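When the chains are written out, they are named A, B and C in that same order, and each has its own residue count from 1.
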Amino acid sequence: MNKTKATAGNNGEKDRSDCFVILELTTSGGIVIDLKSKVEALFGDAIRTLCMDVLKHFGIEHAHLIVEDKGALPFVMAARLEAAIHQVIKSEKEYLPEMLPENLYSSKRNQHRISRLYLPGNTPSLMINAGIHSSNAIILDLEDAVAFDKKHEARYLVRNTLRHLSFMGAERMVRINQVPRGLDDLDYIIPHNVNTVVVPKCESPEQIHEVNKRIATLQKNVNVPKTVWLIPILESALGIIKSYEIAPAADTVVALAIGLEDYTADIGVSRTNEGTESLFARCQVINACKAAGIQALDSVFSDVGDNDALKTYVIQSKSIGFDGIGCIHPRQLKTIHEYFAPDELDIERAKKILIAFADATEQGHGVVSLGTKMIDAPVVKRAQRTIDLAISLGRLQHDWRSIDNKMNSAS
Amino acid sequence: MNKTKATAGNNGEKDRSDCFVILELTTSGGIVIDLKSKVEALFGDAIRTLCMDVLKHFGIEHAHLIVEDKGALPFVMAARLEAAIHQVIKSEKEYLPEMLPENLYSSKRNQHRISRLYLPGNTPSLMINAGIHSSNAIILDLEDAVAFDKKHEARYLVRNTLRHLSFMGAERMVRINQVPRGLDDLDYIIPHNVNTVVVPKCESPEQIHEVNKRIATLQKNVNVPKTVWLIPILESALGIIKSYEIAPAADTVVALAIGLEDYTADIGVSRTNEGTESLFARCQVINACKAAGIQALDSVFSDVGDNDALKTYVIQSKSIGFDGIGCIHPRQLKTIHEYFAPDELDIERAKKILIAFADATEQGHGVVSLGTKMIDAPVVKRAQRTIDLAISLGRLQHDWRSIDNKMNSAS
Amino acid sequence: MNKTKATAGNNGEKDRSDCFVILELTTSGGIVIDLKSKVEALFGDAIRTLCMDVLKHFGIEHAHLIVEDKGALPFVMAARLEAAIHQVIKSEKEYLPEMLPENLYSSKRNQHRISRLYLPGNTPSLMINAGIHSSNAIILDLEDAVAFDKKHEARYLVRNTLRHLSFMGAERMVRINQVPRGLDDLDYIIPHNVNTVVVPKCESPEQIHEVNKRIATLQKNVNVPKTVWLIPILESALGIIKSYEIAPAADTVVALAIGLEDYTADIGVSRTNEGTESLFARCQVINACKAAGIQALDSVFSDVGDNDALKTYVIQSKSIGFDGIGCIHPRQLKTIHEYFAPDELDIERAKKILIAFADATEQGHGVVSLGTKMIDAPVVKRAQRTIDLAISLGRLQHDWRSIDNKMNSAS
């Protein structure tokens, strides 16, 4: 590694909450830091102390460091500096910010995933407040939202974000790059409690097996490792064809997503709002998922300005069997939640099933029926999910059973 | 078997043509029969004689039998009493009503199946006149139309119905319960000239093999057993995915049916009249069937009150390739027959093919063509089916050839 | 071979550019030619010379030949006479017209195939000027467009047409009969620079292997044989189901076509302009093709009189992913070319990709991106195809780069 000068971060006019660092190794003269920051008066000393600490951590004694600060939080600045350092020295070390205790939760296989918010993995300003939008999941994106010359530094930023930014309960997801390139991304996220890895442009079960193998390697020294869920995205005709093999490829696959921007490009058509060009592919994915007992997740909707079209899209998505859709802007969340929510009919049916099941269990019946339909375990599970979703979206009160009971007694 | 008291039959206010029996074994005192019947004056003696005969057949000498009669025919009452008896004594015996000679016909692989009428397997009043509606097939249903605590007694009623109720030429079908539970249902129907077994919630060729194996066992002492046809119903995403394997699973499979109520529940959507949510699945089933050279049968249409919607449904079903649909009420049959019938264009085309084939055969030609199209065996067969169907539905006269000839000579 | 009299050719009132020959072998008396032709005054001698030459070539010394000429070109007449000769004598010889040097081109795997014009393989009048319509491909059809008793003579006509009629640059295709019957057709076309063989009613990869095997046999004495491309047509439910196996069956398969007339007949439905009955099958074929990296070609549109419906059909074809459609009349070509052409959006996107790629290559970059999207080899290839197509259809000037540059410098 002969390079002695490296940069990291963004310094565009509109970049906020970020910084741009230029690091040049020198052979003498100690550490010289040039800091440009609007908040130098308040935070200048703290920034210098942080930079000195990071450089010292990697054993750098002589260097010229320019920091153009645009309001970067310490975990962001540390990520930028570390990204620059790894370009000029060879080191196995990492400079890790504190893991927030509130980020240590895991996610469930059947977690609601009606909304998942994509955030570019190298844009701190969009990450900072992502948790407040209450999406079911937040995806830090290392793939399409990161330019090629930024792939390296994004890994450090995503790693630090997983540790030190509160996700406020949203499922913690990262979209890695396409396998095999994306396998190295796993090194930066698996040790930091990522809940779910989104695997783009998936075209074979083997890609899933490779991801799981690398995860197992990264977890081999952990006593009781948390399960890391996988969501493959199918984005090509080949991926669609292989959906029946990919959906049941591993126990860790909790959903398949379809990526319609890339899929329509692959088959050489324009994506339309009506979606005739992709209905076949979407239905194939839905059937593959439901047959494998996992969730089916629809594509993002690209036109963030057209909320009416988004509404139509959400209603169609739900009506053909999807369990959620991706979103690329927080302003899409309200519409997604509103129109993906179970409707009254769904809720009433689910209530009846749960009540019948509870009654039967109470009376010690082995087999439960509603009308002439057997209520088996999957039916009960699905009803419970509908109720949970309705409650989580404010469509039903948590104590609906007692409320229903009261109304029944009153009448 | 310690139970000494058992019931069978229905005694709801609206239940007609049925009876409710309460049988209690006693240790002394002989047979005591309490009969409640509006027709006691006329049939009281006959009923008592029947009951005594049944009890005697099973060697019961002391019992208290209450019979609440709502106009049950003897084969119904015998079924009810036998169902009660098998709950309190262990016996391999059966009390079989006479097999009507007119019920001994078999059905053909390519039988028309544009309509198949579902009848609840435990509701005698709906069975009694089922034959007069001229549906292509009658399905005695042991599955969803029978409540769980009635599954046992329904088997005796269906068995007796197969023997003693005239099906008036309709294909004699029974829907068993899902395999493996449904395998035991076969014991009650295979020996009684069921033409076709409907296998619900089918998800693998293995289920078909199991059914066929049990049928073979039940027929092993029959010299020249009649072929029992199978119609698997696909009612889940997994079933749909497996349609390409299930359709050619056995030579006895004459059709696949799709069950849209359960399928839409399985993929978590509402069934709509437009049917966008199931078009993919329906087309997959159609292609699986046609590729295997068997019939494709569409789902029942649930809203028996909406005949306009039924008409639209039938037209769509036919237009995408289905060969028939199920119905749950006789009043749906007229619409089904009317809109599933071959239209004039179909009939004219079929006539031309049959005439060209007859001419060519007469002249000793090996290869037959119509225009530049080769008329091969499957084409002729299909044309013959169209003509047969048109005749059976009153769209064409049986002697159309001679009529056409006359008109041609006259002009 | 005891037959001593044979005929070939068409002598219907409307047949032009053709002739009808009646050849009868005699045992003495030499060659007697009866010629009926409107152009006898001008061409009588030439026709007689040709006939004598052909008869001599096959060693026939005594025969009575009647030629009813309707303006047949020499290569047509020779084909007719040869077809008659092969019915009455046994010979391995062929009478080949000159191979036009301008017909010796080959076609590329990724050749544009937005239009392919079907020509009946036994109708010279439709062939003569076929090249002037500028369809991407011309298909000489030995299958459905040829009556059964004309299959034999059509082979000689198609062979001679391949050699002696200018295709004006259109891809030179022949549709053979269904395998295995069609294998023998290959003997008549492979040695005569057919670019692409269209394989109808394909239902298995094995049929493709058989075609390739016969082609290899026919080419075994050629030093550097040209690759003969294959286009299987899927025309049955079974074919559709097997599309995922047929598309990648061999490296020589450059496209799959779907045949909707036969497909709809196979599944027992009417073909409609809306096409709901075949959307599933068409999408399955598109996905099979795109997954295998080959072209997807849509069916012909039968109503040559309804150009508005054709337009709608072309727009839909393109919008769901087809790369071209078949046509059965030259008058359909204008609409096909107009509405299959890349639109401005396609062209602009393709331009950007090519420019970004050229810039990156110039600057020695390994990885090229447009925005955050990686531009990999397939993306560049697809963009180049769009640009080529736009140029070939007159939507873009050949020197668009320099024009764009000038406009950019000017602004």
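Everything below uses one rule, namely that a residue touches a chain if its C-beta (ideal position, glycine included) is under 8 Å from a C-beta of that chain, and two chains touch if they have at least 3 such contacts.
Remember, it's a predicted structure, so these values are computed and weren't measured experimentally.
Q: Where chain A and chain B touch, do the two copies share over half of their residue numbers, giving same, or under half, giving different?
A: different
Q: Using just the Cα atoms, superpose chain B onto chain C and tell me the rotation angle to the nearest 5°.
A: Between chain B and chain C, the superposition angle is 120 degrees.
Q: Counting only Cα atoms for the centres, state how far chain A is from chain B in Å.
A: That gives a centre separation of 51 Å.
Q: Would you please write down the residue numbers of chain B that are in contact with two or more other chains?
A: 279-280
Q: Okay, in this complex, where on chain A does chain C touch?
A: 144-148, 236-238, 240-241, 266-270, 272, 276-277, 279-281
Q: Can you name the residues of chain C that touch chain A in the complex?
A: 244, 279-280, 283-284, 286-291, 316, 318-321, 323, 345, 367, 369, 372-374, 382
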